[in-house]
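Okay, so chain A shows up in both of these, paired with chain B first and chain C after.
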Partner chain A sequence: MGFRTTTAVLVGRAVRVAARARGGGSAIPGNIALKINPRFLEDTIARIPLGVVAVSGSNGKSTTTNMLAGILREHGLKVFTNPSGGNLPQGIASSVLSSVSLSGVLDADIAILEVDEGYGPKITKMLQPSTVLLLNIQIDQLNRYHEPDRVVRMLEEVASTATRSLVLNRDDNHLVDLDTRLGSAFTGSRAVTFFGASPELIGAAAHGLASADRFGDDSRGDGSSRIAVGGREADVTVTDIGDSQAVLGIDGRDIAVRLPARGLHYALDAAGATAAARAVLGDRFRPGLVTAALNGLTTVYGRGELLQVAGEDIEIIMMKNPASLQLNLDSLESAPEQVFMAVDEGTPDPSWVYDIDLSSLDHVDVITGSKAWQFAVRFGYANIPVGTVDLDVRAAVKQFLALPRPSKGRKTMILNYEQMMAIRKILGFKELEGGGQ
Partner chain B sequence: MAEQAGSRPLRLLHLFPTTLGLNGESGNVDILRRRAESRGVPVEVTRLEAGAVVPAGVDLVFIGSGPVSAQMQTQAAVLAVAEPLRALAASGVPFLAIGAGFQLLGQSITLADGTGLTGASVFPVTTIVAGERVVGDFVVESRLGMLAGFENRGSYVDIGSNAPIGHVVYGRGNVAASGPGAGASAAAIAASGATAEGTVLVAPDDRVEGFWVENLIGTHLHGPVLANNPALADWLLEAALVRRGQTLPLATPDLVEIDRRASEARATIMAAPLSE
Partner chain C sequence: MSRALTIEVLFPEIANLHGDNANIAYLAQCRPDARVIRTGLTDTPAFVSSSVDLVYLGPLTELGQLKAIERLRPYRDQIVSLIEAGTVFLFTQNALEVLGARIRNDDMSYDVPGLGVFELESTVRMFGRYNGKVMGMVPEVGAEHPVLGYKSQFSMVTAPQSLPGFLTADRGIGRDTATAVEGVRVGNFIGTSLLGPLLVVNPHFTRSLLAQLDPDSEPTLAHEQLALAAYEARLSDFRVQRRWHHFERVLPTRRA
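Then we have the complex of A and B:
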C-alpha cells in the first residue's frame, strides 16, 4: 500500500494510544494520519469490496448509521463504521486507524459512514459512495451553515456522488424531490428509493417532522407543479409507533422494531436504515433480520440514552438544534420531574429557542453553560420557573445530583452536544465519540 | 395601572412572519407583547402575510430576518404594502426591522449575482450582498447602553449620512471597518482573550451598526435582539404609547427578574465574545 500509508498508520496509532491515555483528543490521531498521507481515506476505505454507504442529514445520522450497520451485520456482512459524531474527515481517519492493517487494508465488506453535511461534498467526492442515504433537512447550526438553503445544496452535492443508489425521506420538504433536481443523467443510471411515515402518524405528531420550510420555486422548470411532500411511493413506511417501538411496512409486510427511545423521529431513522439496507443488499435483504438487528443494538449515547448514576436514572435529551430539541420534547410522556440544562458555545446563537414550544416542561431546576442566562431569559418569557443558574458546570451538576431522588427515579438532562460530552466525563463515563472503539 | 392603557389595545403589526421568521424572530413579537401585557397594556398582534392589506390604527411595526430565498419570495409582497408602510413611518409609528426584513424595507438590495431587488423605501438604506460572511457575538454601544447578541450576515448596508444605532464594540457592523485599527479582526481579538472593554481600546475604528433615526430602527443584531436587550423593547413600547398620549407603566416584578437575567446574559457575552 505504500510507504505513506504505513507511516500514517504507525504514527497515527502511536498518537491514538497517547491521546487515549490522557483521556481525550479523539480526532487528533486521524488529523495526523491525514497530514502524513492526504489520500489516507481513499487509500484505505475506497478499497473495501462493497464500497461505501454515506449517511447524512440534519438529525439522526449517528442513530441511523448505527442501525444500518447493525442490519447489515445481521445479514452477515463485516461492517466498518465511524463511531457516532466522528463524521469529519479527521474523525473518520481516527476510526480507520483503530481497525486498519499496517499495509492499509481494512478487514470489512462494506463501510457505513456518517457524514457531516458541511464536509459531505468533500468526503463523498473523495470516497465515491455506492449508496447515499439522506435523512432530513432541518434548521440546524445556522451559525455554521447560515441558511437552510445552503444545507440543501450541500446535500444535493452529496447525493450526486452516489454511484448506484440514492435513498431519500419522502416526508421532508426538500428531500421529497431531490432526485428530480439531479437530472436524468443521474436518475437514469441510479436506483432512487424512499422511506417515510404514514400521513396519520405525521399528522398526530405535535410539530410534525420539523422539516425546514421551503420557499420559492413552487413550480418546476417545465411549468409543472412541484411534488408535494409525502408524494412519493415509499419502500419502507412507519405504520405505527408505541413506547420505544415501531411497526415498519416493507413490501406489504409489517415488522416490529425496537427504537432507542420514544419518538416518531427515531422510527423514521429505523425506516431510513431499513430502506438503505434494502438498496444495498437487493435480493439478499431479509425483512425478518431487521427486527433482530434493531433489538440487539445499544443506544448511541446522548440519543435517548439512560445513564445510571448512584442508583438513579438520568435521561439525556440532546438539543443539537431546534428540530431535535422539539421532537425530543414532544416525545416526553409527561413533564419531567427534575430538569437540568447545559448549553455552551457549541450553540453559538441560541435565538432559535424562541421558535421552540417548551410547554412540555413545567420547570427547570438548574441551568449551566455559557448560554445559561440566555436560556433563563427564554424560560422567563415562557413562564417556566427556573431554580438556579450557575455558569460553573461542575458545581451545577453537583447541585443537580444532590436533589432528592425523584419519585419516578428518573432525572432529566437537556444538553447540547458539547455539554453532553463534557458532562458524561464529569459523571464518570469515559468513552469518547469520534475516536476508536 | 390599567387606566394608563386606555381602552384600545396596542396594535402590533408583524410583517411576513412565515417567510421572515428565521433566528427565533417571532420571539421579538412575543417579548413586546409580554412586556406590555404584564404592565396592563393590552396588545393585539396582526400577522400580515403576502396579499393582505395593512390594517388601520397600527401602533408598532416589526419585520424579521430570513434566508435569501425567502427574501426573494417576499419582495413582491413587501412592495405591495410599501405605500401604507411609508405612511406609518412618516406618522411616527415605531419600526423594528431585522436582517433580511430591514433590507427589504430599504431602497434596494443587490444580490450576489448582480440582480437588483427594489425595496419598500421605508428606510433610506441600500444593501449589497458581498464580502466575507461574519458570524459571531455582536456588541454595540447605543444610547440605551450596551446591546448584545449575535451577528450572522454576508452583506453590507449603506445608511448614507444617517445615524446608526451605535458604535460596534465587538463584531463587524454595517460595512467592513475602514478607520484606524480596522485591520484588527474580531477573530484575532477573540483569540487574544481581550474583553469587550479591552476591544474598544485595541481596535478604535469607525464600525457602526444599524440605523436609528427618530422611531425607525433597523439592525442585524439577533438573539433575538429584544431577548438580551429589554431596554430596546421598552423604548419601542414607550414610543408607540407616547403617540397615543400614554406612558409605559413601570416594569412589574416578573419583568424585573427577566431583565436581571438579560443583564447577566449580556455580561456573559461581553466578557468573552467569540466569532468564527
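Then we have the complex of A and C:
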C-alpha cells in the first residue's frame, strides 16, 4: 500500500501543478492517482478515524456538503471534504491530493463527501460510510439518467452501505419510506432519521419541492408499503424562511440560520446538513453551533454565489437541470433588473427549458453561448423580451458589464455549469472547482 | 375554408419530458382556434369516440412507457385504423417505442411487449446513453430546409429497412447507430426521437404539418421572424462539420 500510495501522491501532485499551469483539468490529477493506485481512496479516506459521511441526491449536494462540513468544524472536528462539486472518484481523489501526506494520511477526524448518484454505489461500497444523507430525487439531467426510478435504486444501494445511520428527506416522494424498503435487517441495526419542511412552506412554494413523481408500488413488485410524503417525524424541520435566511426547528427550539441564497430548497439543504450532523455527533451536537457555522460559510461556486465585479454584485444562478433552475427562479423575490444567460454544449439538449415556468423573469438583456438562439426562441415564445443574442461569450460579458449600474445594485447571471466555470475566469476568478484550488 | 382543429395530447402528466409539450403549445399558438384535448392516464382517449386531427404523445420515463402501453392497449386496433385512415399522429422521442413490438430493459429487468403497431423493437441500456445532433431531409420540406434536432436517449430502435423513416440523416444517427434512417413515417403517422422541441425549432416543417392538418388554410407560424432567425442560426451551426462528434457521423455505406 505505502509505495503505491506515495507514488500516486507524488505523481498526482506533479500533474496537478502542470494542469493548473495550463489553466484547467482539476479531475486529471485524481484520475492519474487512481491509475497508479486503484485503491487510492480506500487507502487514504477509509483510514480517517470517524469514517465517512456520504451526501447524495439530485440537487443540493455541494451546498449541503459544505454546510455539514461547516457545522462539524464548528463542533471542533477536523473535516476532510471534496469542497466544490468534484463528486466522481477522480474528483474526490483530486481533493485528497491537495491535503494528504506522502504516506497517505489525511489529517482529519471525519470525511464529508459529496457523492454522484451514478457513481454512488461504487464509491460507498468502497468507502463504507458510517452515515448516508440523501437529499432528494428530482427529474435530473435527462441526458444522464432519464428514469428517476433508476436513481432511486442507485440511492437505495448507497443507503444500504451506511454502517451507523441514514438521514432522509421526509418530503421527497421516493425517500420518505426508503428505510422501509431496505427492510428490518437494515433498520434494526442503524439509526434512521428525517428532515423536512413545514407543510405550509411547501404549500406556499410555486412548484413545491420539485420531487420526482412516483408511480404505485405495484411497479416495484417488492411488496413494500408506501408512506405518504411528509408522513415521518423529522429531527430537523424548516419552519420559516426569509431572504437568504431560515428558521430550523430542532426539539422544539428555533434556530435561525443564514442561507447561501434565497429559497426553500437551500433551507432544506440546511435542515439536511443539521440532521446529519446530529446523527454523527449524537450527544455532542449543539444546536446553537449550527447558526454560527452556517453564518460563517462561503457559498459554493455558482450555487447562489455573489461575485463582486468592478464594484457591482453579480448573482450566479446555475442551471443544471429542470428542478434546480425552477426552484432557483421560484425563489426570486421579483424579476431581476439585469439578466445575462449563457448556455453551451455542456447542456447537450436544453429543450427541457420549455418545461420551466419563466414567469419570474420579465426580460433578458444578453444571451450567449452556443445554445443562445435556442434560449432566445424559448423566451420569445414566452413573450419575454430579449435584448441581445451574441454567440461570442467574452463580447457578451463585456456588453452586460457595460450596462448601467442596476438600481438595486445586483446583476443576475443564469449559467450552465461549463459557462459558469468559463465566465468566472473571464471575470477574474481563476481558481478551479473540484479540488483544484 | 379553414376549420377548427382538434389536437389530442395523450397523458401530458407523464409524457412531458424534454420540454416536448411545447410542440403542442406552439401549434396552439400557430392555430389559436385549435381545440386541445389533454387526455389523462385515467381518461378514455378522445380519438376513440370522436374525430381528432392530431394525436400527440411525448417523451416518457421508462416506467411511463409501460404505463402508456397499459393504457393504450385496449385501443390498439383503433390506433391502427386511424393511421390507415390518414389521421395525423406525432409521437416524439421514446413515445414511438410504445407502438413497437417489444421494449427490452435489462438494467431494470423487464422485457415487455409494446402495442405491436409497428415492427420495431427497442433496447434500453443505462450505460448506452446517446446524446447527439441530427440533421436530415424530410421530403415534403425539401433539402434546403433540413429538419434539425437532438437525440438524448438511452434506447435504440431496430426496425426492418422496409419500415419507412421520418427522415434520412445527413448528419447524426438514425434509429440506431447503424443506420441513417430516423424514426417512422407511415402515411400521416410521424414518429421521431428528435428533440428540440421538434416543431418549435423547425418552422419550415411545422408549416408543412399545419398545411397537412388543414389543407384549406394558409399556414401561419407564431413568432415567425424569431423562429426563422433561430432556425437559420442553428442550421449554420449544424452545417459546420468540425463541430460534429465522430459518433454523430453515420458511414455512407449505412445510408442505403
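In the analysis below, the second predicted complex is superposed on the first by the 426 of 437 C-alpha atoms of A that agree within 3 Å, B and C clash if a C-alpha of one lies under 4 Å from a C-alpha of the other, contacts with A are read in each partner's own complex, and residues count from 1 in each chain.
The rule is short, and it goes like this: a residue touches a chain if its C-beta (ideal position, glycine included) is under 8 Å from a C-beta of that chain, and two chains touch if they have at least 3 such contacts.
From a predicted model like this one, the values you see are computed outputs, not experimental measurements.
*Asks:* Just from the overlay, do chain B and chain C fit on chain A, or is there a clash?
*Replies:* After superposition on chain A, chain B vs chain C: clash.
*Asks:* For A:A273, using the defined touch cut-off, is the partner it touches chain B, chain C, both, or neither? Pick first, second, both or neither.
*Replies:* A:A273 sits against neither chain B nor chain C.
*Asks:* Just chain B (first), just chain C (second), both, or neither: which does A:D149 touch?
*Replies:* both
*Asks:* Going by the contact rule set out at the top, does A:Q374 touch chain B (first), chain C (second), both, or neither?
*Replies:* Both chain B and chain C are touched by A:Q374.
*Asks:* Which partner does A:A54 contact after superposing on A: first (chain B), second (chain C), both, neither?
*Replies:* A:A54 contacts neither chain B nor chain C.
*Asks:* Same chain A residues contacting chain B and chain C, which ones?
*Replies:* 139, 142-144, 146-149, 213, 215, 348-349, 351-355, 370, 373-374, 376-377, 380-381
*Asks:* Which residues of chain A touch chain C in their complex?
*Replies:* Residue positions touching the partner: 139, 142-144, 146-150, 213, 215, 219, 348-349, 351-355, 370, 373-374, 376-377, 380-381.
*Asks:* Which residues, counting only chain B, touch chain A once they are in their complex?
*Replies:* Checking each residue of chain B against chain A gives 18-19, 21-27, 30-31, 34, 66-70, 72-73, 133, 135-137, 150, 152, 154, 222-224, 227-228, 254, 257-258, 261-262, 264-265, 267-268, 272, 274, 276.
*Asks:* Could you please specify the touching residues of chain A with respect to chain B in the complex?
*Replies:* 139, 142-144, 146-149, 213, 215-216, 345, 348-349, 351-355, 370-374, 376-378, 380-381, 389, 391
*Asks:* Okay, in this complex, where on chain C does chain A touch?
*Replies:* Residues 14, 16-22, 25-26, 29, 61-63, 66-67, 107-108, 126, 129, 131-132, 150-154, 195-197, 200-201, 222-223, 226-227, 229-230, 233-234, 237.
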